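In what comes next, chain A is part of two complexes: it sits with chain B in the first one and with chain C in the second one.
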Partner chain A sequence: MSELLMYLTNGIVIGVINAISAIGVSLIVGIMKVVNFAHGELYIFAGYFSYHLSVSLGVPPLLAMPLSIFLIFLIGIGMERTLIRPTYGDEMYSLIITFVLSIVLQNAALLIFGPYPQKPPNWVTGAMNIFGLYHYGNQRILSFFISIGVLLSIFYLIKRTWFGKSIRAISQDREMAALVGVDHLKVNMLAFGLGAALAGAAGVVLSPIFPVTPSGSSSVSLNAFIVVVLGGMGSLKGCVVGGLILGILENLGAAYISTMYRHIFGFIILILVLVFRPWGLFGQKTQ
Partner chain B sequence: MGNKKLWISFAFIILALFPPLFLSQYWLHVMIISLFYVMMASSWNLIAGFTGQVSFAHAAFSGMGAYTSGMLTVYLGLPPWLGILIGTGVAALLGFGLGYLCIRMGGIYLSLTTLGFSEILRIIITNEDQWTRGTMGLQVPGFFVEYSKTSYYYLFLIVTILLLIVIYKIIHSEMGLTFRAVLNDEVAASSSGINTVRVRVLAFAISSAMSGLAGGFYGHYLMLITPDVPSLGQMFLVLAMAVIGGMGSFAGPIVGSFVLEILSEYIRVYGEYHVLLFGLIALAMARFAPEGVVGILRKKWRREWA
Partner chain C sequence: MGVIIEGKGLTKSFGGLTAVKKVDFHLNKGEIVGLIGPNGAGKTTLFNLMSGVYHPEEGTLSFNGMEITSLKSFEICRLGIARTFQIVRPFLKMSCLENVLIGIIGRGDPREGIKAKGEEARKLLKFVSLEGHEKNSANNLTLIEKKRLEMARALATQPRLLLLDEVLAGLNPSEILQALELIEVIRTQLKMTIFWIEHVMGAIMKASDRIIVLDQGEKIKEGRPEEVVNDSKVIEAYLGESDA
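Entry: the complex of A and B
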């Protein structure tokens, strides 16, 4: 029983981080109809940045974290400005360019950081006894609360601020938004940066628990894509619910069925969604 | 086919008959691999370049062809040609299934799902090593009783030419016309009575079958099939060949395959940098010259002759 509870807790912790990563993809898809296939590589880079900032340069871990996310944000803005912007309206080229970019970044990571898994230092040590049922690592508990904090700030940013309003306006109708004075190029650029930063945030929060390697990037991207399709393209709520579902199912599946096939469960979910509810849990049916 | 084009094609085919007479075994091997990439890049171009849908499972389907045929010949003792035929069928069926599920939802879904399919296939092949021999590679019989690079070269040449003829016929048939109509203006095409989804699913299934066929021959040539065949790295090479050569043109992927495969042989001397280099070139091409090398040359010639 306590074993099952522990796997569930694991699923929820990973699920929340899944949600952050997926919102990064969903924001960009919603606003500019671009799927960023280099999402997983940005996550990996963030993990390595955070590792090298704190281990090689001696920056305190809690400062290395936002610093790495900010670096990824800048990389995202650079990507949008140089490679993505010229492809607006041409879905095919944006898919090709971000895929090629993912391969380039993956190889660059291999060249710069080497093939070895790296793990930034834990922020806290020890474990906590949860309701007298089981012990749970403090690092995971802290990661969970930081992720909840990140989630709440994204929701605030998108639902309550002017920037969020412009994002939603552009997702609904780009031309109308431009007509009423939204600078859509600037919003695109910032939204792409934000999407990248969320990949970075997920990478920074999760890398002390699961070390990063250059070859691990495609499964990160894939997880985010599965959550986005499951939740419904462009739906933030969908990302949270989808992220939790995937996190829990993967952890239970890995524990009770097979660890090797952890990623297969996600793909099965993807196919089931496409067969029975292709617009996702919270997506709009009109397509 | 115009008369001039016909003669040029004939000249190329005649020229292609000679390499075994003067090339070393090593360069003959490079030529055979190039022909495999010609099949892969040209059939990928059939969907990406002509219907605008980006599949990331092309290498995965070639892997399905290679492993299906490989396992049938190893475990059931089927002759390679029958194995390849069945492998092609399996790739076609899977392509049809994935295409049917995704294409009605739009191109983005196809790209996401095919990427997932590639990853899953890699995981399954690596883990089910009692059947696939995992990363050690599955040893399979060759196509010929007596191993000779010259025979393989002519075999690959014939299969490649047949495949290219089929692709050329499709592009210039009524179906090809609907492909382009769908690519140029989906709404207009569907309002003039074209079932855009059916056209795309069909194109996707045909293209997947072709990569299954190419993969089948590739496996029986290498005689050792590893998870590298269906990998995303391989997928990237095929994509880069089409993009750099020129998507949406018949000659583009052919040129791209030979140029990149031969180039990578030279770069390999300095280490495994060819992927990074090709990636950067492909990015620059997609950004500044989306019509590829063939497009650039064509423009230049037109200007000089006009």
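Entry: the complex of A and C
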């Protein structure tokens, strides 16, 4: 019983982090119709940044974290300005560009950081007894609460602020938003930076638990795409529910069926969704 | 008085089709000018040039003495030109209040509080008689309500020049009267210059100071409403060549 609860808890912790990463993809797709294949690489870079900032440069881990996310945000903005902006109007070009970029960044990570898995130091140590049922690592508990904090901030940003309203207006009707004075180019740039930063946030939160390696990036991207498809394109709620479902299924599957098949479960979900409900759980059916 | 917007030699073509051909026009401050012409005459294209959706291949546009020919839509909007659409385009997945807020946000200064903006948006909704619909999704409004909402959103950008693209299309006679009343209020109370495309002739002839007629992309006539209706070229453009 307590074993099952622990696997479930693992699933929920990973699920929330999945959700953050997926919202990053979903935002960029929703606003710019750009699928960012380099999403996973940004995650990996964030993990390495936070490792090197805290281990090589001695920055306290809880400061290294926001710093790494901010660096990824800047990289995202740089990507949008130089590579993505010229492709607006033709989705095929941006698809090719981000795909190439993902390969380039993966190899850059290999060159810069080396092939070894790295793990930033834990922020906290020890474990806590959960309701007298089982012991659970403090690091994971803290990761969970930080992720919840990130999720709540994103929801606040999108639903309540001027920036969020501009984002929603642009994703519904770009031309109209521009005609009532919304600077869509600036919003694009910030939104791309934000999407990148969310990949970074997932990276720094998860890397103390699962070490990052340059080759691990593609499964991060794939996970995010699976969650977006499962939850439904353009739905924040869908990203959260989808992320949790994927996290829980992967962990239960790995525990009770086989660890080897961990990543298979995501694909099974993807195929089932595409066959039976291609618009996802919360997406809108379009003709 | 003085000129608020002036276009010189505007030309825009799509492939082989010249939608707007060497059009000169101007509007004086405070004027209400009608833009008429048969379907495909280039009226909406001219509006698109003025609002930065398209840029002309030839010719220049100036607004309050400032050249705006190659500015982007949001820059033109911030200078003070707003428009409504023939086919209404509110943000359907947002509430009425949020729709108007987008226009206010679009003015630029993100620092002024969202509360003050909310107050202003409420006032604008009241101005177009949509009070009580603040939380309603724009999708649930009737056609005339959507048009009113679009008007409120355009007004939220604080324009000096309002481009109206067939606001009366699809409305019944009593709704047309309501819409005309609103336009009159906008003109007199808010002192706005209005450039107006319309197919409902009775209404536009009565309301406009001046009429500009386009046919196949060219300006064929400009003048007071009574001059325009009796012009042989205009009658020809609408009814075809007479045999006499």
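Convention: the second predicted complex is superposed on the first by the 286 of 287 C-alpha atoms of A that agree within 3 Å, B and C clash if a C-alpha of one lies under 4 Å from a C-alpha of the other, contacts with A are read in each partner's own complex, and residues count from 1 in each chain.
Note that a residue touches a chain if its C-beta (ideal position, glycine included) is under 8 Å from a C-beta of that chain, and two chains touch if they have at least 3 such contacts.
The model shown is predicted, which means the values in this text are computed figures rather than measured ones.
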Room on chain A for both chain B and chain C (clash or fit)
fit
Is A:178 touching anything from chain B or chain C once the two structures are fitted on A? First, second, both or neither.
second
According to the stated criteria, A:191 is in contact with first (chain B), second (chain C), both, or neither; which is it?
neither
Could you let me know whether more residues of chain A are touched by chain B or by chain C?
B
Return first, second, both or neither, reflecting whether A:99 touches chain B, chain C, both chains, or no partner chain.
first
Degrees between the directions from chain A toward chain B and toward chain C, using C-alpha centres, nearest 10
90
Once the shared chain is lined up, is A:239 touching chain B (first), chain C (second), both, or neither of them?
neither
Could you tell me if A:108 is touching chain B, chain C, both of them or neither one (first, second, both, neither)?
first
Figure out whether A:22 sits in contact with chain B (first) or chain C (second), or with both, or with neither.
neither
Compute the least Cα distance separating chain B from chain C in the superposition and give it as a whole number of Å.
14
Chain A contact set shared between chain B and chain C covers none
Per the contact definition, I'd like the list of chain B residues that touch chain A in the complex.
48, 52-54, 56, 101-102, 104-109, 111-113, 115-117, 119-120, 123-124, 127, 232-233, 236, 239-240, 243, 275-276, 279-280, 282-283, 286-287, 290
Residues of chain C defined as touching chain A within the complex
51-53, 72-74, 77-78, 82-83, 85, 89, 91-94, 98, 101-103, 105-108, 110, 114, 117, 153-154, 156-157
For a test of understanding, state which residues of chain A touch chain C in their complex under the given definition.
160-163, 165-166, 168-169, 172-173, 175-185
Complex contacts: residues of chain A adjacent to chain B
29, 33, 35, 37, 82-83, 86, 91-93, 95-97, 99-101, 103-104, 107-108, 111, 218-219, 221-222, 225-226, 229, 233, 260-261, 263-264, 266-267, 270-271, 274-275, 278-279, 287
